[in-house]
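Next come the structures, one after another.
In the two complexes below, chain A is the common chain; its partner is chain B in one and chain C in the other.
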Partner chain A sequence: MKPVLTIALAGNPNAGKTTLYNHLTGARQHVGNYPGVTVEHKEGYCLRRGQEIRVVDLPGTYSLTAYSAEELVARDFIINERPDMVVNVVDASNLERNLYLSCQFLELGVPLVIALNMIDVAEKRGVTINAEELGDRLGVPVIPIIARSGKGVGKLLDAVLAAATADIRPQPVFLQYGSDIDQALTDMTPDLTACASLTAIYPHRWLGVKLLENDEQIVHKIMETHPEAGKQLTARCETVSHHLQDTLGVYPEAVIADHRYGYIKSILLQGVVTRKFVADRLYTSDKIDKVVTHRILGPLIMAGILYCLYTFTFSYSSLPVEWLSKFFALISKGVDTLLPDGPLKSMIISGVVDGVGGVFGFVPIIMFMFFGIAVLEDSGYLARVAFMMDRIFHFFGLHGSSVMPFIISGGIAGGCAVPGVMATRTLRSPKERLATLLTVPFMNCGAKLPILTLLIGAFFSDHQARYMFLSTLVAWLIALCAAKLLRLTVLKGASTPFVMELPPYRFPTLKGLLIHTWERTWQYMKKAGTVILGISILVWAMMTYPGLPDAQVSRYASLRQEAQRTMAADGAELRKALEKIKADEAREKLHHSIGGQIGVALERVSRYAGIDWRTNIALIGGLAAKEVIVSTLGTAYSLGGIDAKENSSLQERLNRDPHWNPVVALAVLAFIMFYSPCSVTVICIARESGSWKWAAFSILFNTLFAFALAVAIYQIGILLYPR
Partner chain B sequence: MSKDQSATSCLLLSDIKRLCKQCQQSEEWTDPAMTTLSESCCNSRMRVCAVTGDRQTCARMATLGVLPGSELELLCKGGSQQCVIKVNGGTISLDAPTASAILVAPV
Partner chain C sequence: MATVNLRNMAINQSGTIVAVKVGGELGRRIREMGLVPGTEITIKQRAPLNDPVALRVMDGTLTLRNNEADYIEVDVSS
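Up next is the complex of A and B:
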């Protein structure tokens, strides 16, 4: 017996693989990505009869042909990593479709055990399956299980251990695909035999079938390693393909699929399945779908559910957010009391605690949002939302599944782009996924709301609600148009057809929900929490160094002494004068810092959009986190450390400032709404897209776009409303 | 285990050769009984006559069991002719272009 036995869980999407995986591994899981692709790689460990078992959860697939990244990943893992056993999770209530994949495992000749999941659902539908008979017919162990409750899982593991210790490598099953294909496969044998390096890895006949199915990866491998034989083989495949198109009007893969389904039907009809009711009758799930995906009722129900999700997330998470903010304030206070004044104290409070606190402040929102999404996902509703929204999103070059990331990122103002970017994982097409994750930061996230409220309140207070609503609509419009632009230029390519299996509605399990929520939240905390610390310290340093020259410091000290001397009698006046000196010193310090100098340098360009150096500093701070904009603007406008919530005085200040007017406010608003995403989002974009190139693109593209928009607004504005 | 069980089990495509290909060849393609899935009425069982479109779409549909000769049920339609169908016990949603690429006839 091996010290660790590796088993791969494979199966159709929604067959219950992940439920079985969660049951087997519990909290002992590791989630990562397969190298080079953003398909999730999950593995964990379990113990059975003293044997340690490594469980790998492969992505859900319908076939083993390279039609998608998931199918490629699953196939490559099974062929290259050669797990000791493949456990094919099969949905007993949808046996015919699920056995299609099993059929391909048999053709590949991998060691296989079939886990016949959801046997209870099948029974409720009046379908009785003779698992033993099915196992005999397929030649592999078939174990009925209910992954949700864990029933039969022990037996499954015993069967896996027994089959693994039997040490017999199964032979590929020989299926017939009709005279045309079979003849072609016979003719191809000599050329296939010549491809020795490939036949050492793949079975002969399987290679031939994949060539006939026009599997891009296999065709490429053969042409690369055995170009001569490859030419002969592809020519033969083309002949068969033309012949089948001329005679039957189909491609070879349709004939092959037809024979596979025929093989499955022939097995099921031989006493494996008995039905109480008529096959393919409508079940509760189908009846619900008739209402939920109705062309008029469907969108109304969807709007209601999304509103509930939003309310749930933002109302219930507000309390833990407040607790966390109090907790970090307490730490700040503690550090303030314990450490002596100086750069170390300033760095710990402003750099470390504020920076990390800012990131961790999002954790409750992310946790609640992902819990809500997990409910929608596990219950099967998310697939229906994607279906209904596909029509609109398709027009903008996106996919129906893009809707959730957009909503989470602030589609209904107040979301967060970080979970939004992470939610793009549900998208399968790489280009549509990239277009989605590059445009979701255009939405009005919760961190942009204080600055929107501040500027709209200051300059458009008569129509505050209307402008806030308008900003949400504009965010949607710009994001969708930007997606269209990206899909027409850098992410050019045909739209992926929206073909998606709608899973039956199910009650999610609490364990599954908690695991899904935790793994996503933990990823956020781990990935963003470590890098943000560095960025936060960097921003702090930029705004702190170099300090004021000694001459200036002593000038302010003497001003203070002067004030204390002359106004000693009037306490209120003295306090006011000291605050003014403190604010002036803070502003000058900021002007003198690297951040301030950059702000001044940028003013040469930013003035075309009506943005001055002080706003520039706030915008630079906003690169770390958008929440910083209001507080930095407060500092820059000589108000010292302004709290985002206590912005009324800043509002008045901006309103009175000669530089500011409604046109400037509108230009600044547009710039803030659409410029570079915050650092955490940028890091997430890099992680999710698998490349820093896209993260850099997102910073540049968004900033340039936002600047162009702000310049247009400002220039047209001053033409229409000259000062 | 019997290895060659599929040999006698699959006659569907030869049915299609008779049902659909001859229709095409004898220029009866505009048979009123045959429509695209996106133009069909809900709640009815249909037989797939042909899957048109690019090779990958045809292959994808074949994998899901939507291939000439197979039977499906059109459950409902969304705006702009999207469809939800039931085939081989599973429920599949299709966008408008894919639904228009599937030619069906009533059973």
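Up next is the complex of A and C:
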């Protein structure tokens, strides 16, 4: 026997695969991504009778076609990595549909053990399954288990060990697909035999079936390695396809699917499944759904639940967030007293501590959010939300499941795009998912609120509430329209079918929830933590270097001395004068820095939107984190570093400034709402989309879009209200 | 035999699938979820805006958009 046995867990989504996986591996698991795709690769280890077992959790699939990344990953793993055993987790309460996947494993001829999960649920519905009988008919061991409680899992592992030690590579099951297809498969044999390099990996008949199903990956492989035989084979498939469509009006793949179900039905009919009571079974789930997805009650309940999730995430996490910020302030203070003044100290405080603090400040929010989502997802409610909202989101080229990321990102003002982007993981359709994660940063996140409040307070104070509410509505509208625009252009393509399962409601297990939450939070900290540190130091350097020329430094020094000489040593007047000098120096330093120079240079373009160099600098700072905008603006208006919450002085200052007026304010507001996402969000977009290309796209697309909007507002504004 | 389009079925109406006339990805998705000829289905619920529709197939509940249901023909005579 091998020192480490590899088993792969496969099965339908919602069949309890992850529950079994968590039960087997506990906390000893490793999560990563399969190269090139954003499908999670999870593996862990467990021990049974002294044998170490490596457990790989394959993505949940209904079939083994080449249509989705998940299915390809699962199929390629099983075929290329040849795990010692495939453990197919099957939902006993929905046996017939679940066996469709098992049937495909049998056709592929992989070493298989079936874990018949949730037998307790099936029993409750009056369904008894004779596992031994089923195993005999399928020709593979079938072990009844309850993954939630761990009942039967030991027996399952024993069966896996026994089957693995027997070490007989099973033969692919010979399934009949009806006379037309069977004949075609026989005719294809000589050409298939010619494809020696592929038949070494795949069973003959399976290759033929895949060709008839028009499986992209297999067709491509055959054409690449054996173009001659490939041409013959595809020609034959086309003939069969035409023949079937002419005579029966169906596609070959439909005939093959029908026969698979036929095979399953024939097995289940012969005393494997007994139903004690059939009647009109109104299951608990159906009863709940009658209310929860009710035409009027449904949306109301949904609004309530989403609001609760929102409150839970953002209110309850505020306490730990505060602790963290206090903790980082303490570190800043420590560094401040320990180190002498100078660039190193400034870099550690403004670059390192603020940057890392910024990332970790999100951690409690992300943990709470993922916990909340895990509850909704594991209980089965998320699928109902998608069901109810799909009509609206489908109109904008999105998917019903896009709702959650939008809400979290700031659908109710004050969210955060970072967990929002990460929440797009629940979407299984790639195009809709990408469109969602590129547009959620348009929502009004919590970090944009201080600057929105500031500008609205300064120029539209009479209608503050109305403008705030309006900005949320505008954000929704723009985000949805932008999604539609993306789906009509760069993400063009038919929408992914909404053929989706509404899983029965289940109580989530605490262990599952905690593992879920932790692994996602950890991934965020690992990725964001490292990159953000670099960006944060970069932004700090841009705002600091080059320092003021010596002449200026000495001028401020002499001004200080002058003030100290002329005014009373402990008077309030002196303190005020010194503060004024310090603020002026900071402003001039900022103006002189690289960031300041870029801001000035950008004025040539930004003036079309009425934005001056001071605001430009603040906006550049906002690339790192939107919270920075208000404080940088404060420095640029020589008010010193001001607190984002107490911005009344800046508000007054802007109100008096001749450059500012309501039109400028509106243009700046629009720009801030929609321009490039903050660096943490950008990194999350890169990670979640699997490519930096999309991250760069979101920076450019959003900024250009926001600028166009701001220019339009400013130009129309000054036309209507000339100064 | 009274055959209707799945889109036109009423809530709580049952029937047996006669044909699924679509290929490609949608066809495969529909079939792998158990919507094949001979399968009994019952319409369970419609979303608040009437689309999508939820139906009981075998022992599970599935959802479909109306334009996807268009390809499925159901015999409702029994």
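Just so it is clear, the second predicted complex is superposed on the first by the 718 of 723 C-alpha atoms of A that agree within 3 Å, B and C clash if a C-alpha of one lies under 4 Å from a C-alpha of the other, contacts with A are read in each partner's own complex, and residues count from 1 in each chain.
Just so we're on the same page, a contact is a pair of C-beta atoms (placed from the backbone, for glycine too) under 8 Å apart; a residue touches a chain by one contact, two chains touch by 3 or more.
Predicted model, so just to flag it, every value in this text is computed and none were measured.
Enquirer: Does chain C touch more residues of chain A than chain B does, or is it the other way round?
Expert: B
Enquirer: Scan A:G249 for contacts with chain B and chain C and give back first, second, both or neither.
Expert: both
Enquirer: Determine, under the contact definition given at the top, whether A:P497 touches first (chain B), second (chain C), both, or neither.
Expert: So A:P497 meets both chain B and chain C here.
Enquirer: So, A:D57: does it touch chain B (first), chain C (second), both, or neither?
Expert: In the superposition, A:D57 contacts neither chain B nor chain C.
Enquirer: For A:D390, using the defined touch cut-off, is the partner it touches chain B, chain C, both, or neither? Pick first, second, both or neither.
Expert: Touch partners of A:D390: chain B and chain C.
Enquirer: Touch test for A:D84: chain B only (first), chain C only (second), both, or neither?
Expert: A:D84 sits against neither chain B nor chain C.
Enquirer: After lining up the shared chain so the two structures overlap, which partner does A:E377 touch, if you call chain B first and chain C second: first, second, both or neither?
Expert: A:E377: touches no partner chain.
Enquirer: Would you check which partner chain A:T293 touches, where first means chain B only, second means chain C only, and both and neither mean what they say?
Expert: A:T293 contacts both chain B and chain C.
Enquirer: Output the chain A positions appearing in both contact lists, the one against chain B and the one against chain C.
Expert: Dual-contact residues (chain A): 62-63, 65, 67, 93-97, 100, 213, 249-251, 253-254, 257-258, 261, 285-286, 289-290, 293, 295, 298, 383, 387-388, 390-391, 394, 400, 497-502, 504.
Enquirer: Chain B touches which residues of chain A in the complex?
Expert: Touching chain B: residues 62-63, 65, 67, 93-97, 100, 136-139, 173-178, 213-214, 247-251, 253-263, 265-267, 279-280, 282, 285-286, 289-290, 293-295, 298, 383-384, 387-388, 390-391, 394, 400, 497-502, 504 of chain A.
Enquirer: Applying the document's contact rule, which stretches of chain A touch chain C when the two form their complex?
Expert: 62-63, 65, 67, 93-97, 100, 125, 127, 213, 249-251, 253-254, 257-258, 261, 285-286, 289-290, 293, 295-296, 298-299, 383, 387-388, 390-392, 394, 400, 496-504
Enquirer: With touch defined as at the start, can you tell me which chain B residues reach chain A in the complex?
Expert: Interface residues on the chain B side: 1-13, 16-17, 20-21, 24, 50-51, 55-65, 67-70, 73, 75-80, 82, 84, 86, 88-98.
Enquirer: Could you please specify the touching residues of chain C with respect to chain A in the complex?
Expert: Touch residues, chain C against chain A: 19-21, 23, 25-39, 44-52, 54, 57-65, 68.
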